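Okay, so chain A shows up in both of these, paired with chain B first and chain C after.
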Partner chain A sequence: MNRRTFWGFTVPSVIVMLALMVFPLITTVWLGFQKLLLRDLNNPQWIGFDNYTDVLTDPEFWAAFRFTMVFVAVVVPVTMVMGLGVALLLDRVGRGRSLYMAALLLPFIVTPVVGSLVYKDLFERGGLIAWLWEVITDDPFAVDASNVKWLIIIQSIWYVMPFAMITFFAGLQTLPEERVEAAAIDGANFLRNLWHVILPHLRVLILFVGLITIMDAYRVYDQVFVWTGNRFTDAHTLSVYNVRVATAYDIGRLGKGNAIAVLNVIGIFVVLIPFLWRSYKDQIEERT
Partner chain B sequence: MRRSTRLSRVGLHATMLVLVAWSVLPFLWTFQTSIKFTRDVAAKKPVLWGYETTANAYRAFWLDEDDINMWSVLVYILAVAAICLILGQIGKRVRHSWPWFSAAVGVIFVALWRFPRIWEVNDEYDFLINSIVVTVLTMLISLSIGLLAGYGLARYTGISGAVILIVALGFRALPRTAFVLPYFFGAKEIDDWLASSGVGSWDFPFIDFPGIDTLQILDTRLAIVLALVAVNQPFTIWMFRSFFMEVPKEIEEAAMMDGATRLQAFRRVIIPMMWPAIIATGLFTMLLAYNEYLFVRVLAPTEWTLPVAIVSLTGGESSRTITEAAAASVSITLPIVVVIILFQKHLVKGLGAGAVKG
Partner chain C sequence: MDPTGVAGLCRRGVKMSTVTLDKITKIYPNGFQAITELSLTLEEGEFLVLVGPSGCGKSTALRMIAGLEDISSGDLYVGDRWLNDVQPKDRDIAMVFQSYALYPQMTVAENIGFPLKLRKISRRERQEQVWQAAEILELTEQLEKKPAQLSGGQRQRVAMGRAIVRRPALFLMDEPLSNLDAKLRVQMRADIAGIQRELGVTTFYVTHDQVEAMTMGDRVAVIKDGILQQAAAPEALYDNPDNVFVAAFIGSPSMNLYEATLSEVDGHYQLQLGDQSLAVPEQILASRPALRDYLDQPVVVGIRPEDLEDAAVASDHPNDQRLDAEVAVREALGAETLVHFSIAAPSVDSGDPDALDELGDEDVSRCTARFSAATRTRVGDRIRVNVSTEKLHFFDRRTHLAIRT
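Moving on, here comes the complex of A and B:
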């Protein structure tokens, strides 16, 4: 394909990305240097790095940062290990596999805010788990500042695990039968089989799922917003804190919000640049 | 393969059932809440068995009138579903024929627009319509752009292709907040300009947009669709590219030898081979658009879609009861569950093929 046909095919997509991704990002950086209030959008004032010093000295920012790090550090590995485990189990099921799969996929396909609402209902007053807790421990259970972070984390694992499961399951379907059989003839037990045959086969997928879950966990919004609302502000993640600062009714500070957004972008890129660089190298290699 | 013993098979199914319970328990709980009377829900010890069931919550959430038999609504919905299923089966056999298309459009129109007139639905019904419009438009735009770009990127070997792919991958990683704030600001600026210059209230000759008096961006479905198309773009082009990579070049080269232009070869030869990819990518796009919360909340303060409507209407300050919240949650979940069950195989295949290569 020559260069002109290529641009003919890609130009709609490139225009969308330029107009709705590159240009807004430049706007974000520019707005980050402005003093700009939500109730007075028409008069931005250049204040240099004041928004950034404001953010970096805000204890709420550091609280959000800490919880986001804990969230990523717990949710990503647990999701991946659980997803792989369930995928291996599902792979062994003969009859009824698609039924199990449909049921297990449910948390992932349901609207995240609705999933969080229904999960939360189990723990609210009159909910099943709250009641069971009361029966077993004799103490009433209430969602409060001390446990809400862990409930968010558990619910998020419940929500993302099916994605890891279904991807690994799809990968297991392409595992060549002969390699499993060869390993079985060699007398390899399950763990050695996992280590020497299955994991190397899934290597690319593990990287893929890991990257996607890191990205999604880092920018988590929906679940945290539903669980905390305005009640438990110290369990806010970076995205929730960001939106709260920028769009709070009547006191929204859009300038500061954009400064936070820029910091968030820098944060994810610190993690991602090695991967992006490697993918770029792969792409170039593919072409020569 | 090692032959599995009976005992290990029982153990396997038992483990699977526990896992299934962990995934679906919240939904079962919400469902049984939605069909209870408020007095049973408010009881200190949950009434788990033998309670009286009712569809009051559904009626209160969706309908304006109190004396409507919900069985008739259910029968109506089931009838529409049955007709859709039959149309789908016919559509599989006679592809792209105009009688089929007009029948499908007619059924959807009657089912969605006649429905409110019979039962006098609440405002919530408008949010359902908004959800459907936003989802369908996002899918159409994002898939058409993505197909073209994915094909170009799969076949072109220049460096600029690699650069576009990596930039797109980077955009996939960015938090939504980095986009939603400038979108909001930009839309506001454009709206101010439209209002002050008078362009927004122009009366276009020959065109009459139904329901639109003044042009604006903020608080319209258009704003939501544009935002969703943009954030979905990186995903669609990577997904389609990996599918196109599997289609051998020789196929379109043969067609072009026979005198077809590249565009004709793409449309007549390549696209018909891509339906599994289009369905898989379409499903993910649908999930993204139907489930979006943040963009809608910030960019459309009144033109809500269902997720925002549910969160706002069932929050602490609202007068809606817990059973209505549950009924709303069930109502928003059911359509998506039906679609996913119908296309489950495509979803798994799509992830397998797209992800392994990508």
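Moving on, here comes the complex of A and C:
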């Protein structure tokens, strides 16, 4: 390949990358050091790390950080375990498998905001679950600051689980039958089979699903926004907090918002490091 | 292979057991009958090979013994234990799979020791037994490697190791050599048969390869369409096939099979094979009196390739026991030469789905002869072919059963 064709092929994608990823990233970092308000966009002022100290001393930031961590810590493992469990069950279903699969995939197909609205309506006054609750317990059900976090978490599990399920299910289809049979003859019961045959086979997919669901959970926005709006700020996640700071009160502290965005990117990386390290080691192992 | 290691394994005491299959039948939910009333008895320590063409149900039979498939009807015993409803892990069997089915994340040692681990055998004892098995199989250098780092032959031996370390009552082997290249297969054939004989564990071996069956088995059971055709020692199977299918299936190249007519002319018997005739010695009919009932009727006649010889090489053969032929293909193998020609007689379909279909004219059939290497024939030569008529095989044209009495 000569130099001209090389550049001909690479330049377009490099330009797109620069325009859509590198430039915004640099701008974000740069804006994080500015005092910049939405209503006064033409007058940025360099203020160094003031935005960062402002964020890190904001109790609302720490509340959002705490809830985001709880959210990741609950949603990711529960999603993965349930996804695997449902995939294993689905693998045993003979008749009507595609019907079950379609039903299970439904939450994943619906737009998150729409799904959240439907789900939320179930719990609002006049909603089916709120009504059932009242019939059974004789107490009216109300979404409040104490239960909204769990409602968000449950809905998110319901929403993300199909992704884990379908990925693990696909993995199970490639599991060599003879290996399962060999284990059965060698004396493996279900748990041994799961541990020594199924999980090792799905290992790469488990890493992959883990990576994706952690990222997804860390950045969760739609469900939280629909459930809380400007109420229950205690149940805000980092993404929601970020948007709120950058847009709220007609002021729109864009500089501080960008500082939060930078912290979020760093945070995701920190959470993902063990996974990245694991897949890096896998690749090294494969090569030797 | 290391015989002293085998002795070590033997000293630990090997369970000997007979295996009885009594009218075992497999019918799938869709109504397909894979196995029909299969009855076989394996003596203690016997190596039985179940052989048949693809799709004949031989793997289904093995899987029923393993407990991986339900037995639709009939009884399965190991010793005097009725096994029909026993879980695979409780049957005291070990199985070697075609794909080896090793656990990729475990080392060789862990793979071999896995059945022992599941049986809660202490780590020390496990290590000792894995080491013994590895010595027999010459795997001691590979114990810390993962299966992905091994060659096909080594993987096959790890699978063997996982089976022998258990000291089971019965080995089941499902085409364990078919993923190996030809040369290695010949070596492993002898190795597996050797280990089995040393260990004395009753073995049920399934293959589609009749050479494997003949070389490895104490006894060979031929199966077709789920029905047992014949079970006998390899030599007996080869010399006295019960029917046309067994005759054609066992032996390579296959037995040549034609429709022919036996007739009596002036007190002499002769076999009309298309437009040619062969004199049939009196003693053939003397030893098979039933053949007289077939006089002047079409019968199926079988000629093994090695019972044909180039007349130019062996000139003392009676002239009336010769056929004319025109050489179509010649394959020099060094020790012998295979010569293909055609015979103007209808061929007989043995029912082997893996066999090549006859091409072209149905009244002209191919014939394969195994000449000694001294033959000088070339493609296109018109030659005379000696037929060892005393070695001819006769079968009923309708039932395909051997005429032997």
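Methods note: the second predicted complex is superposed on the first by the 259 of 288 C-alpha atoms of A that agree within 3 Å, B and C clash if a C-alpha of one lies under 4 Å from a C-alpha of the other, contacts with A are read in each partner's own complex, and residues count from 1 in each chain.
The definition used in the following text is that a residue touches a chain if its C-beta (ideal position, glycine included) is under 8 Å from a C-beta of that chain, and two chains touch if they have at least 3 such contacts.
Quantities reported herein were computed from a predicted structural model and do not represent experimental measurements.
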item: Chain A as common anchor, with chain B and chain C clashing or fitting; value: fit
item: Which superposed partner A:A73 touches (first chain B, second chain C, both, neither); value: neither
item: First (chain B), second (chain C), both or neither touched by A:A248; value: neither
item: Partner chain in contact with A:H196 - chain B first, chain C second, else both or neither; value: second
item: Chain B versus chain C as contact partner of A:V86, first or second or both or neither; value: first
item: Chain A-centred angle between chain C and chain B, computed on Cα centres after superposition, in steps of 10 °; value: 80
item: Touched partner set for A:N42, first chain B, second chain C, both or neither; value: first
item: Partner chain(s) touched by A:I185 [first = chain B, second = chain C, both, neither]; value: second
item: Residues of chain A touched, compared between chain B and chain C (which is higher); value: B
item: Chain B versus chain C as contact partner of A:L207, first or second or both or neither; value: neither
item: Overlay on shared chain A, then closest C-alpha pair between chain B and chain C (Å); value: 5
item: Shared chain A surface residues [contacts with chain B and with chain C]; value: 181, 184
item: Sites on chain C touched by chain A in the complex; value: 66-68, 87-89, 91, 93-95, 97-99, 101-106, 114-115, 118-119, 162, 166
item: Complex interface listing, chain A residues touching chain C; value: 176, 178-179, 181-189, 192, 196-197, 200, 203
item: Residue numbers on chain A that touch chain B, as the complex places them; value: 1, 3, 5-10, 12-14, 16-17, 20-21, 24-25, 27-28, 31, 41-42, 86, 89-90, 92-93, 96, 98, 100-107, 109-115, 117-119, 121-122, 126-128, 131, 158, 162, 166-167, 169-171, 173-174, 180-181, 184, 204-205, 208, 211, 215, 218-219, 221-222, 225-226, 229, 238-239, 242-243, 246-247, 254, 257-258, 260-262, 264-265, 268-269, 272, 276, 279-280, 283-284, 287
item: Chain A contact footprint on chain B (complex, rising order); value: 1-2, 4, 12-13, 15-16, 19-20, 22-27, 29-30, 33, 41-46, 144-146, 148-149, 151-153, 155-162, 164-186, 188, 192, 226-227, 229-230, 233-234, 237, 262, 287, 290-291, 293-294, 298, 306-307, 310-311, 314-316, 322, 325-326, 329, 332-333, 336-337, 340-341, 344-345, 347-349, 351-353, 355-356, 358
